[in-house]
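Next come two complexes, and both contain chain A; in the first it sits with chain B, in the second with chain C.
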Partner chain A sequence: MVHNNVGVIITLLVIAGGLVWLLVRSFRGKEIDRRVIFLFIMVSVAAPLLATITFKFTATPIVEALYDKIEALPEGSTVLLSFDFDPAMAPEVQPMANVVTRHCLEKNIKIVFMCLWATGQGQLEITLDQVLRRDFAHKIDGVDYVNMGYKAGNEGVLNVIVTDFEKMFPTDVNTTPYGDIEILQGVNSCKDMDLIVSFGGGRPGIKEWILFVGDPTGVPSAGGVAAVVAPQLYPYYPRQLMGLLGGIKGAAEYESHFRERHPNHADMDTPAIIMMGPQTIAHIVIIAFIIIGNVLFFMNRRRGARS
Partner chain B sequence: MKRQIPLALVFVFGLFMIFQYFVPHEKSEWVYEFLLDWILVIGIFALALGIWSLYKVSVDKIRARKENWAYSYVTLFGLFVMILFGFTAPNGESWGLYAVFVTTAILTILMIIQTMVAKSQKGLYLGLAGLFLAASVVIAIFDGAWSFHFYTAEGLQNYWFRAFFDHILIPILSTMFSLLAFFIASAAYRAFRARNLLASLLLISALIVMLRFNPYLQPIMGDYMAKTSNWLMNVPNLAAQRAIVIGIGLGIVATALKVILGIERGYMGKG
Partner chain C sequence: MKNLKWFVLAAVCILFAVSWFAKASGGDGVDNSVLDAFLVTLAAFLTLAIMSFLYQDNPYYKFAEHLFVGVSAAYWMCLGFWSTVVGNLFPRISEGLSNFFLVPYQPGPLNFFFAIPIILGILLLMRLSPKGGWLSRWPLAFIVGTTAGLNFVRYLRSDFVKQISSTFVPLVVDWQGFGHFFSNISLTAGGPLVMMLTNLVIFIGVFCGIVYFFFSKEHTGVFGKASRVGIWILMITFGASFGYTVMGRISLLVGRLTFLFTDWLGIIG
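On to the complex of A and B.
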């Protein structure tokens, strides 16, 4: 539901007025300059951010599957979260990483963090700052969570950790030896994880996790990816990929679902829900431009047939 | 021999990697894991090669004064500064002579680059490089406020490393990615037109999926739009994606066989 009606109405009126004007022009057969399109996109993205338009979302089955899986894990389970993305994907993927990390910590699930992307280490630090160190400061490094850091080697890393985790990660990022890390006692390989979640959108990413780890070991695998990648992962759902957060919409659904069911996190940051405002308005504008483009196309075709 | 040895190696190891999959024996798995270690070692060498390649390409560009050559200095500055920050961290509250160390280290690298690109006065630049290097080494030895951390992640917590990552890299990459919104809108306006039946089907499907993401329309459309969109994603999209995945898989098998049998030799640098 819309929470800021005034902001919505003003934003929609400004954009709708402009679009109607462009539609009228298109009936006269006039093309739209691309700079006008750019201007509309800029307004449709900026205005909802300034007016803070937010919505409440209902989780789709593919998102709810991951939520339910984490919810059903008993306390003390071990979840592997892999940060396989870079700052370019961060606006879409970071909110997913944050909310899933928060959910695991809230459920007292042990987390093993790692990265297959060099830039993932920086993104992981952001999640640790924004979620773990801020709202779960009592969690102990090495006991409740561990940061194994980045390892070069892409699929090669996965091929090794599927049978021997210590071989690839002899220490965590703080050089604590594997054998001295409490959370990893009893964890010999990825087979000992209760759930694997990869956040990314490139290669290596969730697809490689499924092919090299999830499928051969049978460990439930899930992911959070940029919207453009999500359709490519549908063939793996639900047998090989038990849940998927696709783009900012998936992240917003998860945030909304989690906040609703955990009222003690009612005031948590919800970047995905906030970013859905600009995306929603921008989608409406793009749809309007597609309609205007088609009106223009048919008008020109009719004129061509007459002449 | 220059051709035969790589071909023989590819043939032997390629065949082994195929057959070991069907031989779940301890020794077979040992050899497999041994080869995986080699993949990682080669991967790390590739990383070093990549850094060297970036350095060489940038220096060549500066030397030849190619178009936008000045930006290569920015590339090299970013490369070396991030390496420097990533391996150093303060030991306490004070930064000591860290700023002077970073400046002299960067000037050393700059002078080395100038030695490589300059057409004259190479000796002067080399001398200056030596001077700045000596200054940075002296500071590194005697300044106890900060230290090098080659084996731990303390450098990644370094304020300057985080600042460059958070306030330069993230905004730059996010901006590049977000520009897509503008181009997608412009492209959708020009290309998404109902020219024929197939284009019309694509257009309608795209509109339904986009409308499905729109919370404004949920009260109006109810579950109908969500169900239609889910059907589009789970049936036609899934079928097409599976076909693509299977096609790619078969293509990979065919290409791998061509490489193993020595028909495809592009990996050796000459077709």
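On to the complex of A and C.
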């Protein structure tokens, strides 16, 4: 469902006009510089952003599974959220991290934050600023949530925390000793978590969480990943991965689903939903390019056969 | 041509200064400190410098690329030092070092095993030495060996055994007779019809995919047809991966344009 009809019409007219011009130019046998194609993609992304074209989304089962899992967790459960991404992945993954964090906080679930990527710590701070400190300022550090920060070691870190969390994280990010952190009383290892969600798109990421923690312990694992790696993770669903947000579309579905069911968050930021407008238009343009390219290819082949 | 380069450089510098001044003076309706204005302007110009590669390779792109690589490497190293060496190692080996770095000391008997990572860490840095570079191969061998050992067991369990077990799916789901099936037919994702079709696709996909990679028999007749289906399954899988990759790359572009329009130019809210 499109929410800004005028914006859509203007955008589509501009892009369609350009595509017709390209098609005519191609029919005349003139070469198209690759930079013209870049310009088209730029326009097809920028125009919907400026015109704020948004769509409504319905959550697919793989996204809904994670939502339902968090929804079903009793108050006071402990969820581990791992920020395993960098600024390059942030446009896709940050919205997922924000909305899942918001959902957990809304349900009064205790959150243990950590990172397997050094850059994840900065991204985690963004989520804390945009969600926790802005809309859940009453939540107390060490009681309702804790930030354990980053540890180097990739799979090595997971291999340790699967049996002993304190061994790898003797303090939180503010150097508060493990034993003094209220939320971690009774948490000895990842086995004591009710759910693990990794946000990422590289290595280490959700795959390593499944291999080193999810499968050996049986703790439900879910993820929010950049689109590039999402197809590699679908085979793990549903037995080894209970839910997955794949790319910005997965994030938009979760945002839409959450906002619909939690009206008190109707005015929350929805970056993923906003980003899906440019995504849709850009995909239409790419599909148009593929069709134009194929039509010209077959036309040229027929001309070649005749001559 | 040489003059043109200097002219472009001067234009970029002037534009940078104008942008910085406009941001700092609240020209976009937002009160920014001088430092914030500088950082936003710098990020915007670096974004444009990277994008300029789409036109053609140029020194501005190279500068931004090298800066990115350098900053990333330094950032990872600093954070690795402070979180792991200061956060995990010093509190376990020295009270003096713990107090110096303001991390809580963990008293206990001195464990000589902690000497191993210290030595391996120092050997890794020998890479920077022109004569002792070969010493860095020892810790690298340790890292590769440990990772391979850890991954071997995990991959065997999760990617091999569990994936095989996940392929054994029932082709008939929730079957209570034809009458019940046709009277309750639905296209919902969790419904029996969709589940049966999904499981059938998994079965045929896996079987035909394996047939395609079986080279001990000539791909002719029924075997050849199954192999052909296997190719189609693979192509559809690659197509899906490519589609997701396109979506990911477009998202990155949207992210940068959102930054330019929102934080830098302030033309969208």
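By definition in this document, the second predicted complex is superposed on the first by the 300 of 307 C-alpha atoms of A that agree within 3 Å, B and C clash if a C-alpha of one lies under 4 Å from a C-alpha of the other, contacts with A are read in each partner's own complex, and residues count from 1 in each chain.
Going forward, a residue touches a chain if its C-beta (ideal position, glycine included) is under 8 Å from a C-beta of that chain, and two chains touch if they have at least 3 such contacts.
In this text the structure is predicted, and so the values were computed from the model without any measurement.
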Touched partner set for A:160, first chain B, second chain C, both or neither: first
Which superposed partner A:289 touches (first chain B, second chain C, both, neither): first
First, second, both or neither for A:175, with chain B first and chain C second: both
First, second, both or neither for A:142, with chain B first and chain C second: neither
Touched partner set for A:18, first chain B, second chain C, both or neither: neither
Touched partner set for A:202, first chain B, second chain C, both or neither: neither
Contacts of A:235 with chain B and chain C, given as first, second, both or neither: both
Contacts of A:152 with chain B and chain C, given as first, second, both or neither: both
Common interface residues of chain A - those touching chain B in one complex and chain C in the other: 38, 41-42, 45, 60, 88, 90-91, 119, 121, 149, 152-154, 156, 159, 175, 231-232, 235, 249, 279, 282-283, 286
Chain C residues touching chain A - in the complex, by the definition given at the top: 54-55, 72, 75-76, 79-80, 83-84, 87-88, 91, 102-104, 106, 146-147, 150-151, 154-155, 157-159, 162-163, 165-166, 189-190, 237, 240-241, 244-248, 250-258, 261, 267-268
Chain A - residues contacting chain C, complex: 35, 38, 41-42, 45-46, 49-50, 52, 60-61, 88, 90-92, 118-119, 121, 149-156, 159, 168, 170-171, 175, 177, 201, 210-212, 215-216, 226-228, 230-232, 235, 239-240, 246-249, 271, 274-275, 278-279, 282-283, 286
For the chain B and chain A complex, residues of the former touching the latter: 29, 33, 36-37, 39-40, 43-44, 47, 151-153, 156-157, 162, 165-166, 169-170, 172-174, 176-178, 181-182, 184-186, 188-190, 192-195, 203, 206-207, 210-211, 213-216, 218, 226, 230, 233-234, 237-238, 241-242, 245
Touching residues on chain A, where the partner in the complex is chain B: 2, 32, 34, 37-38, 40-42, 45, 55-58, 60, 86-91, 119, 121-122, 125-126, 147, 149, 152-154, 156-157, 159-160, 163-164, 167, 173-175, 231-232, 234-235, 249, 276, 279-280, 282-287, 289-290, 292-294, 297-298
